[in-house]
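Read through the structures below before going on.
Look at the two complexes coming up: chain A is in both, with chain B in one and chain C in the other.
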Partner chain A sequence: MKIVKMKRENLSSFLEAISREAELWAPVKKGVDTHAFQVVKDFSEIDLNYTRTILPPRKILVPSRFNMFQATKTEYTPDFSHVSNKIIFGIHPCDISGLLTMDKFYSYAIEDPYYLESRKKAMILGHSCWPDEHCLCKSTNTHIVEEGYDLFFTDLKDFYLVWIGSTQGDDLIRLVPDLFEGEIADQDIQRFMQWREDRDKAYSSEINFVAMADLMELRYNDPVWAKLGEACLACGSCTNVCPTCNCYNVEDRPVLGAEHSNISRCWDACTLENYSGVAGGENFREKRADRLKLWYTHKLQAYISKYGKPACVGCGRCIATCPVDINIKTVSDSLDGANPDAFWNRLSQEVTK
Partner chain B sequence: MSDNNKLKIGIYELTGCAGDALLILDCEMELLDIFNAVDIQSFLMAKSDNIDGDLDVALVEGSVSTEREIEELKDIRKRSSIVVAFGLCATVGGIQARFSEEEWTQNLKEVYGDTEMTHTKAVHSKPIDAYINVDFYLPGCPVGKDQFLNFFTRVVQGAPPESYPVPVCVTCKYNENDCLLNKGIPCLGPLTADGCGSVCPNHDVPCYGCWGPAEGANLTSEYHLLQEKGFDIEAIKKRMSNYSGSKFQEFFEQFKNKESK
Partner chain C sequence: MNGTQKATKSDNPFLPEPARIVRTYPLTEDVNFFQIRIADMEKALGFSYQTGQFAMMTVLGAGEAPFSISSTPSRPGLLEFCIRKAGTVTNALFNLKENDLVGLRGPYGTGFPVDKMQGKDIIIVMGGLGAAPLRSVLLYCLDNRDQFGRVILLHGAKRPAEMLFLEEQLELKGRDDLECHLTVDSDDTGQWTEGTGVVTTLFPKLEGIDPENTFGLVCGPPIMYKFVLQEFLKLDIPKDQILMTLERRMKCGVGKCGHCAIDYIYTCLDGPVFSYWDVIHMRELI
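Right after this comes the complex of A and B.
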């Protein structure tokens, strides 16, 4: 690892240079106050002053739907057209941790070439951030990253400190070496230390993950799940916006007037009713409560048992998304003893006038 | 099967706007492939030499709203191996089926007075599965092009069609829209079957539910949520029942029971 300095005004020249190397993805303004990662041609569209994009950057590597292969009655042809050289600029530490989690899921038991090929060709250029009221990354210890990036830009107002995390990242710097300075003055280091201290103090939300896997197990039959099930809209949004959710479905899409089918892979969400449906019309998890329990077991227990940390990177997307306040914070707090009615006091009401 | 080994298909329209039948004709790039892939025996909107014989697949659009349509529908069922409810009106009854029997009778009287019906008698509008067994449902107002082509191509190949069991919120999130419910706008995304591509929320317009109820929709939670956002019971009832045909009526019966107590 090496750290260099770059003046703020050099950023667009740098982006200009690297965008000739690969497709450049960066956060842009989507709605009034929302953001999304998009392919960027005009650098003025990039908005680095964002907290979280609606979808996590995994969508860049495995789109919500793509073809895995084309099949005829006798043979099949793999389709990797979703794979291309990409540079993802402006990813926050939580989302880099999300990608590291995806790496484990997609290579632990069986290697998934559709993810891994895409991942190999994507360069990760991280960017520092400032927490809002939903950010929980300090609790998940994903507010800083020590791996998983090619370059990482810490924004210190008039300059950046740039961490070089890989030789590929170093190659990008070497495209335009004049934009960077190797000398970092003591006052620059002081500025960085101060920034780190200030940011650590800026977190207003936290989750107590101590013994969370045990609580999840102990409270497996707790009435809290039925309460959450009553409130859940079963819209699948928490799952679709989660940086560590990776489930997918595979569908045959025959092509009209042709001899082949496209075998199409699309995201799936365990919080949706259809997810646990099997042949014969049976469904293992018809109840919303059971589906929520599955999702949170995965995030708060199964992953902890296997990898020693929760499958939550503290990005706050489930908090910002769920219209009925079922999210990693409220569920963890409930498991930790908080009154579930405190966040959903409408639950006890009947359908009344 | 026809002599040329193609599936015999019939497309029928009961009470509705005919938008679903029109959607087929709107598949302009695929139209030749569609007509080449199957033997279309009956399709009133597209051709004049229609034959009402035995069919492999019948696509039925519209709700059942007259006695003559009941007979017509039963006849289609008798002649067809597979009957598909094609579009919202056939699937759940559409806007015309959102009323209770009592309200419907009152509406009929208000509109037609004592006018005598000569050629057929109006009946309370219902989805087609109120009268016959339905093999597959294809919701939508109208059905989406991709959805129809997927369905059609699979049926032509003898495969069962994919169902559309997810709510609009799924595609809405894929499209990275900001949740309108979180902004206090009465969006019906969580209650509504997906397939439209979340076209309204893409333009900051709340979902009106025109694809009909999604499987497993949580009416109670959505109701409470809208109530919390400040909407009154009549506004919520009206919005939620607008396109749900006969499917949400049971839920709203609960209110009536409360009111009568």
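Right after this comes the complex of A and C.
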């Protein structure tokens, strides 16, 4: 894989050039310490000094609601209006891993054109990051990615090292070749190696990720699940923010004043109460504990059998988001015995505060 | 992007095919029978499926839902469904008349392994709406009668008025190549001449079962599986020859929407037909 160098001050010229090619999405500051991917016209809005966006970038490819068909009784016309040429700039390694997981999922057995068409037209321009206390990507081995991007920018203060991951990525560089340098000096290499070493040391949080598949099995009937179920609010936030959650519902709504219906797809969450409910009243997972168990089994164990590795990419969003502290860290710590009451402790502390 | 995805917009697995209700009539108070034909005649004849598979049906403006196919692939062209009025889609479906259009796509899921079942004795145990998928395999066995050994049907319902395909099965009782036993939990008509009691009370009627040479099939309300499976095991039928078809919520039929997930499988891709062996290995199955 070719690596080139770009001076920091060249970034906006580069973005200027590529934004003429496709819709540019990038992280933008939304609150005190919250960020979101959005379409950027004014590059000064871009804030690359972020840890994680509220929602993962899959929202760009499969929006929370989009139309699948415009349908009349005699004709179902597929609607791909959510698909367009996009450049997603500033994605971190964990989220790139999330997209790679989604790629496998949506291609498995029967291919889903609503995701894959969208994915084909999106260019991924990754960006390096620095961990906070919730980042677990070193445990999940997704802190560095070697595939899944067209370009990847590693921020080394006054310059970037830029990995070219695809011919399309190379084409972007060729739009403005003068902004890049092919020669990388020894001191630049040393700076990069130092950065890697420092970043590896900056991780303060870890989970026993490798053991999780077995622990899910061994502790299937552990009382911890009932306790988690008791605390869970069944709000669906953990699934909404997870980069590898894909569940959806389908809604068929007649369009007022028209002859057709819009058949649309919208995000769903397996932690919501009626997720496994069928017509007639039967609900196969009425208990919150059962639904949480499904979520964690699916992420940490079930994915392995079909896709070769678990689905957690260590982004820390469930940790930052769950209002009652049920997340990959506390569940892992509870299951592996490191801290059997991990989630419960913090919850009771916060309630008594 | 990287990767080698092949899906294209023209190859859309979610695209329903307009289909016409040829005939519909009530089977019981809340269950109707539907004969449906895909409007495009070539596609109607080309719709090849296996017994035990299901299709997704759209009632425009109401939504899409999965339904077991009740007809047999040995009689192509016309698809039959046995549907209870239970939710949004089925309520809208019950308002449709003959010749009205619905959307149809499929078939989906695993079917009964009729090739492996060849030459074997077949015990089919149905209860309630379990008759919907099992009627398909029953008719298949009868249409290919020389390919199977004994064919035994055990059918239970709450009341005579709730027994699906009652007339059809009373007629089948006249055949000497089918052992057909019907039962109701309670007879509120005073005119019921078949058995009384839950479906498992029919098992003592079975004589001379050669377990190694027998497939046991079951479908019914969730409560029924445990008891019928025990009966099959008591008969010493091998675990991989005990088959069942299961219901779960399905919104896509192709393993993408997630709703029918159990452990590492999706009911729509890896089921709905499972063996007792699967039940042992997947805790949430029944």
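Rule of thumb we're sticking to: the second predicted complex is superposed on the first by the 339 of 353 C-alpha atoms of A that agree within 3 Å, B and C clash if a C-alpha of one lies under 4 Å from a C-alpha of the other, contacts with A are read in each partner's own complex, and residues count from 1 in each chain.
The criterion applied here is as follows: contacts are C-beta pairs under 8 Å (C-beta built on N, C-alpha and C of every residue); 3 or more make two chains touch, one makes a residue touch a chain.
Note that this is a predicted model, so its numbers are computed, not measured.
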Requested in this report: Determine, for the superposed model, which of the two partners chain B and chain C contacts more residues of chain A.
Outcome: C
Query raised in the report: Should A:L161 be classified as contacting the first partner (chain B), the second (chain C), both, or neither?
Result: neither
Query raised in the report: Regarding the shared-chain residue A:I110, is it in contact with chain B (first), chain C (second), both, or neither?
Result: second
Query - First, second, both or neither for A:G31, with chain B first and chain C second - result: first
Query - Which superposed partner A:E251 touches (first chain B, second chain C, both, neither) - result: both
Query raised in the report: Which partner does A:T72 contact after superposing on A: first (chain B), second (chain C), both, neither?
Result: second
Report task. Using the superposition on chain A described above, determine whether A:C318 touches chain B (first), chain C (second), both, or neither. Result -> neither
Report summary line: In chain A, both chain B and chain C touch residues 251-254, 261
Report task. Sort out for me which residues of chain A touch chain C in the complex. Result -> 68-69, 71-76, 78, 80, 103, 105-114, 116-117, 119-120, 122-124, 147-150, 165-166, 168, 220, 246-254, 261, 263, 268, 270, 275-282, 284, 290, 294, 297-298, 301-306
Requested in this report: State the interface residues of chain C toward chain A in the complex, per the touch definition above.
Outcome: 1-3, 5-9, 11-16, 18, 39, 58, 60-65, 84, 86-90, 100-101, 103, 222, 247-249, 251-252, 254-259, 261, 263-264, 269, 283-284
Requested in this report: Flag every residue of chain A that touches chain B in the complex, lowest number first.
Outcome: 30-34, 36, 53-55, 64, 230-237, 240-241, 251-257, 261, 267, 269, 272-274, 286, 288, 320-321, 323-324, 346, 349, 351-353
**Report entry** Interface residues, chain B side, partner chain A - complex
**Finding:** 30, 33-34, 36-37, 149-150, 152-154, 156-157, 159, 162-163, 165-167, 169-170, 173-174, 176-179, 181-182, 189-190, 204, 215-218, 220-225, 228, 233, 251, 254-255, 258-259
